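Next come two complexes, and both contain subunit A; in the first it sits with subunit B, in the second with subunit C.
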Partner chain A sequence: MVEHRHWSMHVLPHLILGLGVLLVVFPVYLAFVGATLDPATIANGQMGVVPGNRFIENMSRVLLAGAGGSTREPVLHMLWNSFVMAMVIAIGKIVISILSAYAVVYFRFPLRKTAFWVIFMTLMLPVEVRIYPTYKIVADLGMLDTVAGLCIPLIASATGTLLFRQFFMTIPDELIEASQMDGAGPVRFFIDTVLPLSLTSIAALFVIQFIYGWNQYLWPLLITSKDSMQTIVIGIKKMIVTQDALTEWQLAMATAVLAMLPPVLVVVVMQKLFVRGLVETEK
Partner chain B sequence: MDKRVFFPSKTVPLLLLLPQLVITLVFFYWPAVQAVVMSFQMEDAFGTTSEFVGFENYTAVFTDPFYYRAMGVTAVFSTAVAFLSLSLSLLLAVMADRDIKGAGLYRTLLIWPYAVAPAIAGVLWYFMFQPSLGLFARMLRDWGIDWNPLLNGDHAMILVVMAATWKQISYNFLFFLAGLQAIPKSLIEAAAIDGARPFRRFWTIVFPLLSPTTFFLFVVNIVYVFFDTFGIIDAVTGGGPAKTTTTLVFKVYADGRLGGDLGGSAAQSVVLMVMVIALTAIQFRFIERKVSY
Partner chain C sequence: MADIRLDHVGKTYAGGFEAVRDLSLTVPDGCFCVLVGPSGCGKSTLLRMVAGLETITTGTVSLNAQVVNHLEPAQRDIAMVFQNYALYPHMRVYDNMAYGLRNRGVPEAEIASRVAHAAQILDLEDLLTRKPRALSGGQRQRVAMGRAIVRKPQVFLFDEPLSNLDAKLRVHMRVEIRKLQKALGVTSLYVTHDQTEAMTMADLLVVMNKGVIEQIGAPMEIYRTPMSVFVATFIGSPPMNILEATSLGDGVVSIEGHRLLIDQALSLPAGHKVKIGIRPEHLSVQADGFTIHVELVESLGAHQIIHATWGQQKLAMQVETDRVPAQSGQALVVGCAPQHLHVFDAQTGQRLLRDNAS
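The block that comes next holds the complex of A and B.
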């Protein structure tokens, strides 16, 4: 900057950003504190901001035995269900959308524009607005309480197709020309050229879709009725009982910490890809 | 926007498109059509037969005082969350855009709530404000405020607004920061040479240049509040007390699942679809502008 700054202009950003970080971190810190306490301290309203010494005990209890009360499913199993759901949705979306984008960009065929618009329009139909008819179809197909029923209806969406289409448009035409001169067909060109070039886009989309899948709520709430199919986000909700006296908060908070850990780690560790994926899927 | 060079095959592309088209038709279009059909039908008490009732379901929806209440709740909720989360994250982004020490660390510490599920965000905030044992609820009580989101509708609304805002800050922060970094530094320096103070530089140069980002985020935030906050509301208030936090989407769910009124629920779905299409159309007009920008 060209001007001399008053000392307060140096302190102010740190002050505001520090408060922002505090606001963002504090609820999660408090959940961690809750997970380290004994039930009586929380229930009697004596909880402060100092952690207790029951962290390991509470964690092993929820992970292996489950919270009891409303849901007896061990959280370890819920974590696995959430992981399967997030992976199937993320990988499924990437596979079907890269294939459809490839078809739309690298071929000329009748109804090409129509096919693109059919996919594109799904942007306007989030699952929440057509929830019961979709539920009914999944039920009629006998897919309630199955991984397929949980994941496939969430796999189709335009975002992935749009992302890959946009990326493919930036691949120079010289590459396909060279490939065609070598006598390569569409499959060869896809595997040898397009796929390796798309790796960063794939990874960025994966990060976003993994989080999307992991955090699903309404859909699994309707589609899964068995405890053995329960995802961790649904599991926590079931631990918060309306008659508050029955809620085992230390266990619910231990579960909340476990539920946040995988997607938060993905964001922090793969920050660059995450930011890129977020910005690109929103374009 | 078409490639000059392409493959001649007509069958390969259809095979490539098949998985997505099948899933889209079965799980997107078919249910959407079903929703429209169901909205014109009424089922008998056992759900065995349904008859065509014309616009009866729509008439019922638009004469239901609770529907207008849900509209009001949605309007208050989305305006509050959009305004709060946009202003907080703009403030944070402006601070993080300066060349200060540890900017990267601040960024990391501010963006991760994006990964927290809305339902879990709701549970975290409920834990802090649960009337009998929450840390902040006790503090409020000590100050003489009779805080109880389980009984008081305004308190319940404040709680879900806080949880939804908290969850959305990271997203808005990221896009604001990207928008700020795209503004040429030379413009701001030129204004500084002309003697404009930082506050004035922000309102006369930075904020107007940032308006496409702000507008984009505004639309995204409204859509977020409409749909993604379902988990927060279901986990924290269950739409209560006395439906004071029942948004339009929550009502679609509650009427269909708990009330068993599938026709009415479907009619509400169709109305919502029209709203989403309108919102998306607005967003696309904006994207076109951004391209030529």
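The block that comes next holds the complex of A and C.
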């Protein structure tokens, strides 16, 4: 049955896949083409699908000197800001959620169930929903235009806790008991057994949260006003000046291409661990 | 080395379920004690209380005459082998064995020599750098054993360590475990629900049922004089036949209208309902016995088991192959020597004894 499939059964899936890839890749390719053109070509609306010859020039200009629009910040610095934010959010989330999941799963303390459900309920309260109170608190604490103000409110969320809780519940009880017999207390058990076993889950969560942090728009827009704190997502927005032909599209496109690179890199580097973390059940 | 002493130990789980009730037991130094009983009778619970993995509701557990109720598992100087081995999946075999020693601050050189020694005893030398997932079931079992012996503990605890192995390996490992324990002389508590394992391995056999001890003794002693119908049918394979009977007085009982001579010293009053136990291996074909009707013959090679009926009651008989050319549907005249008859009270299920026969 499987061996004797009609030729169309081989072609059709590839056709669909190819179409999907084209849909995703084409706009990215256009952005790349845009980043290689000179200002005149793009301003005249003569952009085709053939790359120009100004790629290096455009790139070095945005990276080091900054583009036009309402921002003067070099993109290199914006990349750094975004990188810091994404890293702090990803690592902060992993640390907080793995510890809280460890507490909820392995310790019998009063109101344990309540604690878990309170964490669970915050799933319904992403930053967008609680943006005014959160802004007020951050402002009152004097954390506007700081890395802390930018990252801490985004670190608090339940997704990671849930992921680790589910994973911890698959670790057999005997393993804890064996550790106890071997003289390992809660801290040793966490470091020696739980952490190594969670490595793939940590990788998966890191990828997801890095991209989540990198793509943040609304929160950084509110919380940062200084150019020196600007993230790249905000930067792109500021380069695009409304309506007028003032927008230097070739520079905006170059910035967009640059903005895509770090998340792609993270996914490519962590791909193997990431996939294992999402599907692995082997103990 | 140490002896284990349980004094009126009881365990009530959070839900109110009483898993172990007022249980007392002393395991002498160096003894291999086997706890056997049906599933859910509280064997694991008892073992885990000795290990310190489960709190003790009532009574005391002592090791070496020192009460350990309040001690953490690691402080009790006990090693445990789990049913699913509970090896650390991310550690190499070497580290699995070394882990407990490292946590105790044993110097690395000492650890290396102890692990090497254990690996040599257990034939694990070529596997030390592998992860558990790259081992077969039997090899994992040996690593779990190794993890226990490198610690040089006062007591070994085993919770059905062989139940995940195939039949052949199980027989092999049970001999290995027994040899090892003899060589090391470590007091051991071994839980199983397999009566063959229990009979073959135990110095001291403890038969449990519903959270209490039914009988304690040497395996052959329990085999020869089971103190209740439960023990009689649990120990021995195939299980003992239990037949309904009525006393006629003067050491005679009637089963299915047949008069059977029992121990006269029991002095049972006429009309008393009893249960007569006969082991399948004690039945034999003889001229002046009772008649049974063969239903099925199972051949085990050297032996065959004849399943038959005696009037309304079922009966099994084990004989050497070719001794009895039995076929289903056939009638056989069989009997049993009076000293091999076990007499139990029909109501309480307890063995009737000479001394306090009323």
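Throughout what follows, the second predicted complex is superposed on the first by the 258 of 283 C-alpha atoms of A that agree within 3 Å, B and C clash if a C-alpha of one lies under 4 Å from a C-alpha of the other, contacts with A are read in each partner's own complex, and residues count from 1 in each chain.
To be clear about the criterion, a contact is a pair of C-beta atoms (placed from the backbone, for glycine too) under 8 Å apart; a residue touches a chain by one contact, two chains touch by 3 or more.
All values derive from a computational prediction rather than experimental measurement.
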item	value
Fit or clash - subunit C, subunit B, common subunit A	fit
Touched partner set for A:269, first subunit B, second subunit C, both or neither	neither
Partner chain(s) touched by A:133 [first = subunit B, second = subunit C, both, neither]	first
First (subunit B), second (subunit C), both or neither touched by A:217	first
First (subunit B), second (subunit C), both or neither touched by A:193	second
First (subunit B), second (subunit C), both or neither touched by A:64	neither
Which of subunit B and subunit C A:177 touches, first, second, both or neither	both
From subunit A, separation angle of subunit B and subunit C (C-alpha centres, steps of 10 degrees)	90
Touching partner for A:152 - first (subunit B), second (subunit C), both, neither	first
Gap in Å between nearest CA atoms once subunit C and subunit B share a frame through chain A	7
Footprint overlap on subunit A, comparing subunit B with subunit C	177, 180, 282-283
Residue numbers on subunit C that touch subunit A, as the complex places them	51-53, 72-74, 78-80, 82-84, 86-90, 99-100, 103-104, 133, 147
Of all residues in subunit A, those that touch subunit B in their complex	1-3, 9-10, 12-14, 16-17, 20-21, 23-25, 27-28, 30-31, 34, 42-45, 47-49, 95-97, 99-100, 102-110, 112, 115, 118-119, 122-126, 128-134, 136-138, 152-153, 155-156, 161, 169, 173, 176-177, 180, 185-187, 189, 211, 214-218, 221-222, 233-234, 236-237, 240, 242, 244, 249, 252-253, 256, 259-260, 263-264, 266-268, 271, 274-275, 278-279, 282-283
Footprint of subunit A on subunit B - complex, ascending	1, 3-10, 12-14, 16-17, 19-21, 23-32, 34-35, 38, 88, 91-92, 95-96, 98, 100, 102, 106, 108-121, 123-128, 130, 132-133, 135, 138, 166, 169-171, 174-175, 178, 189, 192-193, 198, 216, 220, 227, 230-231, 234-235, 238, 249, 252-253, 256-257, 262, 265-266, 269, 272-273, 276-277, 280, 287
List of subunit A residues in touch with subunit C within their complex	172, 174-175, 177-178, 180-184, 188, 192-193, 196-197, 282-283
